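One structure, as structure tokens, below. Some questions next.
Naming follows writing order (A, B, C, D and E), and every chain is counted from residue 1.
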């Protein structure tokens, strides 16, 4: 037994500056404003400068775009899983539906990207929400499995009925007019999704959605329809996912059944866990790690997936809270030893 | 025609049971998602192949050792990965899936690709059931499939170990309070599940050839069977395997074969919409009980 | 004999137990009384070792840091580092608050899982004992525990803890949600359990009135510290305590 | 005891039954609740009390029988529809939103369609500042406004506060009828004695109540009528004193002891 | 540029699969030979070839075509390759990459996988956009109409085989093939007893085979590129069906298959798409190639993708030398005018669709190679020009 004098405990306390700057109106020094804004400014600056920095290396410019696409999908997953409590293994469903919508609008109706992307996003989200409506009462793993089946089913239907271009899909979809339009359009959309959703989850409407995750019986008992609330949330998530799909197919001028591939459902989950679940920013961070990592490893051929999966496992197992949660804690709290 | 469907639908269902039972034991009964299941399935096949062909051990010894090895992998997966992320479901799933990827893609990197690796069948002959020819390996498959069901049923129902598994799955902490060593039990569960995957691999692979891609497929089938049956219910697993197995065969026999997957996926989705906790699950009612 | 010496538990920076000393002799029935969030459950977790598992899980998850001090001694051996299941093997069995049954299993199965440590004969004997204690359970043995009513679940939980062949039974708010007649049955069985099965008991309650006649010695916990301890008579002799914990009467 | 009850029936339950397979959890129970009543429901464990109110509030669909509210049939309607009509309940096992601060727990019911419609909270339904209203309600329930309690995470609050939070969720909806499932259990004597006046106060404001309780002494301080159930069937109904002296009730429920 | 500056070839291939790794070996063999002989003459300057192989993963199940597109993009943008040879392997991926080729004006020769007629049709229809893409391997409609049908006729003439059971895999190119075969067989007076489509990954073919037995089928027409085809052949053997398996079955192409299937493939008749993927005597170059391949890789050419990948590099060399520059448009014109006697016959491209011109006569165009497994060997028996053996029936089928 340790004696009284040697008992020590590691204490975690909020930094004074964090406590002081907690309320927006309490801001009264430059230091506090800087404390609050620095992380946000860093994030925004990184993405705003990215295209400028990467423009001499067009390949890495494309990688930057892929980061944003994965970030959008991951935000959509994170929102659904950690704010609404619907763990969806079907991110690819949103993505594929958005992609196909945009492709049809562009190639069949001749809408230019500025129109086809937003219209496909809206229509696609509506379609996804309707399609998922019967599954909303499902819980946990059961919901996850059904959503996993949706993209697979889409693939098989397109194949078996030979519709929407069959296995070959659509080609020759209009691209974007220039490097910077392409880059900033996507980055802007990502920020809208990120900050929009972050704002939304803290508003009263968002609170109701989060309440459904905490316990839906109480929400019901409060006279609020859980199904409608979940449907709203699914609509928001599918907006984000469909946009990613619609944008992507214009980047690469083609869409096919591989837009419903399993990878597109798994990668966002991985990015979310690495980045920090339940933070919405975390997934962006996760995407910014995973995509370039995967590109660096492309030269290793089939060893690539092995290394990639090892890194992923390492992150999940040894930093299971996710980077963002870890960093937030370090930023906001200090630790010290105190004597008891 | 009728007997064809009867017999081979049965074989298909038995194969699904074999593939799913290990997963079902670990996830359905013990609530530990081991998404490396498919990888272990394939890996065991290759271990047996290597022991038999490269090391040159007798076949029965290779089989025995490779099944033990798969159990060992299960224990490692538990202690290195699952134990650290216990209780965080999404992390458990992603971590084990990723480890599965390491195994599968590692095999591919090591050069095990293409359809040229095979395991020998136990016996070469053909028997007739209802006048339908069935090769002996498939007869073995049926027998072992059902032996496995019986074994797991006895295990979970009548042994101390089985009860510990069930307890730990439903409430780990409450189980600990009753003296159940949750880590040891969980490790045993994962090991047992992996060994079942190994057994399945060693029975099913001789029918075709050892291919890495099979790992992904087995995983999806196992999850589907286990969830459609209802978590925690071995009977559900069996029934789901039969529903999915026969639904595949019926589509082939009476409809267009290429709608097979569409029908099967629709069956899964529809089952879960109508019975939100699978055939025998009680999850939803339990969670919504106020 | 169980002794907790200078036990302290911090949930992050919150001191949930402060320097608590508790002794439970063999054959004793000890009461721990205190208002809500006094730290009763935390104490039970510390005694049963569950706190170590909570600590481990939180650390892995990157959640709050739980710091433990002090030591728990059982039959002269320091068991501070022993895990919950190891302590259960030594006979320290917790019947947790809020029931925590195995919801999908039937009542019979809950009891048989409870009998993990028991021999076949012991399990059978205890099973019969539990059925005698709570005759209401007889009709429920095949029903899934998760669907039982609140009170029925509480009975199963107590029965399940008994199945584990405890030497020292830790009962955390055993009367929660029980009908008056069953409450009587439970408290009356406490001396019975002690005498016939040679089990000593530590019981926590916030509404101490039904329990107090049956305890030998009791501790009053407030905000994580013991504010008073003494024999039943000593406690009943204190008017403040009597009003606050034993109801007006 | 409340004096506000009238003879105007507000909730009528007619031969309600709920069977789970072979289990008759509620069997042919009828009950009429008048405006302003505080009706107590007692009965041994598993006698079907919770099931009965689950059927009233739509969380379960009754096997047989009807429930009507203000003369309108509400049998088998969705729980949120019924809550929207003004029947609100607490849960036997408390169900707060653990990951939110206590006051945010009330923002959810305050955002519901009913609160927007009948709200009339200070600052006004739709555009009112729900946070402030939430803290107001909590203050009424005994969460000291200036302490940190209303701002703490619900998950770290003691049971006593959680029970009040459950009540707060009902109050935020401006209910006509509150159904409480064992609000007193798990509370210490002093906590109960602070909750009793609160219930009396709410009843004084004209809110009708149904209370399931095992703490009879406290229940009888507030209830004006009591129904006793046993094995799903109604044993008796009437004034508290009558019910408690009913031989069947004594036998099935109270056991031999006089002291309850 | 520096005289020794190599011409960079990018090879996007699904290297974990037969059609990827054998193509890689074919390309590397050609590059080695050419460099050893002094390299490529670019406007009077001798420059060697260098190869960048990248894994496209496009044959893997569930992997997005994206990965293939990104791989090709990486080759073009980051590795700055001059030409693409090889893949992507899956038709869908190859089609998806067309827009990328156009965007970056990179000449590409597809050598493996990609059997779909959609590929050259797309190019023909949008010539200006997709003129940078060529395909030096055969495509299915031609294979069926011009090459498989005559073999069916041979079956009928030599052995009286008339009743055909069609079994294809549920992927675009295979289904298409099934339809085409069905149509032409019926037209030619054969009886199609059944036409089944199996999902990818099917593991039990017994019901189909039993149907075959009931219906007395003579030929089992198989078009599958999944490894499970091995199961089909094993079951076929254990049931001792008298029908002769014939068609496209990736599993049965490789020399190791015999060993692996314990001889289950005996008598199976396999279309190797291009000549030279198994030993044959089509042109003088064929056996030279087979032997060189064996020397370098310790194996016979393994299957579809080997000889065509090898030839693509030679075709490119020829075109570059005639164009005298690496400029894409000039090389396109040179390729359009190529006329080269190669491993599997005369190599010429259709000027509009950029499809290699097929024929059954090696002096007229590129020819296919069909083998039959006989006693552990792949015996090329068709077309007559390359044949090294004769077709046989299983002994149990003769009664």
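Operating definition for what follows: contacts are C-beta pairs under 8 Å (C-beta built on N, C-alpha and C of every residue); 3 or more make two chains touch, one makes a residue touch a chain.
Here the structure is a predicted model, which is why all the values come from computation and not from measurement.
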What are the chains that chain D and chain E both touch?
A, B
Give the chain pair, either B-C or B-D, that is connected by more C-beta contacts.
B-C
Expressed in whole Å, how far the mean CA point of chain A lies from that of chain D is 41
Could you grab the centroid distance between chain C and chain D? Build each centroid from C-alpha atoms only and quote it in angstrom.
29
Just curious, how far off is chain C from chain A if you go by their C-alpha centres, in Å?
45
By the touch definition above, chain A meets two or more other chains at residues 159-160, 217, 301-302, 320
For chain C, give me the residues that contact two or more of the other chains.
60-61, 147
Of all the residues in chain D, which ones touch at least 2 other chains?
50, 59, 91-93, 95
Quick one: which chain pairs are touching?
A-B, A-C, A-D, A-E, B-C, B-D, B-E, C-D
Spell out the residues on chain B that touch chain A in their complex, using ranges where they run on.
80-81, 84-85, 88-91, 93-95, 97-99, 101-102, 105-106, 108-109, 223-224, 227, 231, 256, 258-259, 261-262, 265-266, 268-269, 272-273, 276-278, 281, 283-284, 287-288, 290
With touch defined as at the start, can you tell me which chain A residues reach chain D in the complex?
204-205, 207-208, 210-211, 214-215, 217-226
Contacts from chain D onto chain B in the complex sit at residues 50, 54, 59, 91-93, 95
Note which residues of chain C are touching chain A in the complex, please.
5, 8, 10, 12-13, 60-63, 65, 67, 69-71
Can you check the complex and tell me which residues of chain B touch chain E?
1, 4-5, 8, 11-12, 15, 108, 113-118, 120, 124, 126, 132-135, 204, 207-209, 211-214, 216-217, 249, 252-253, 256-258, 260-261
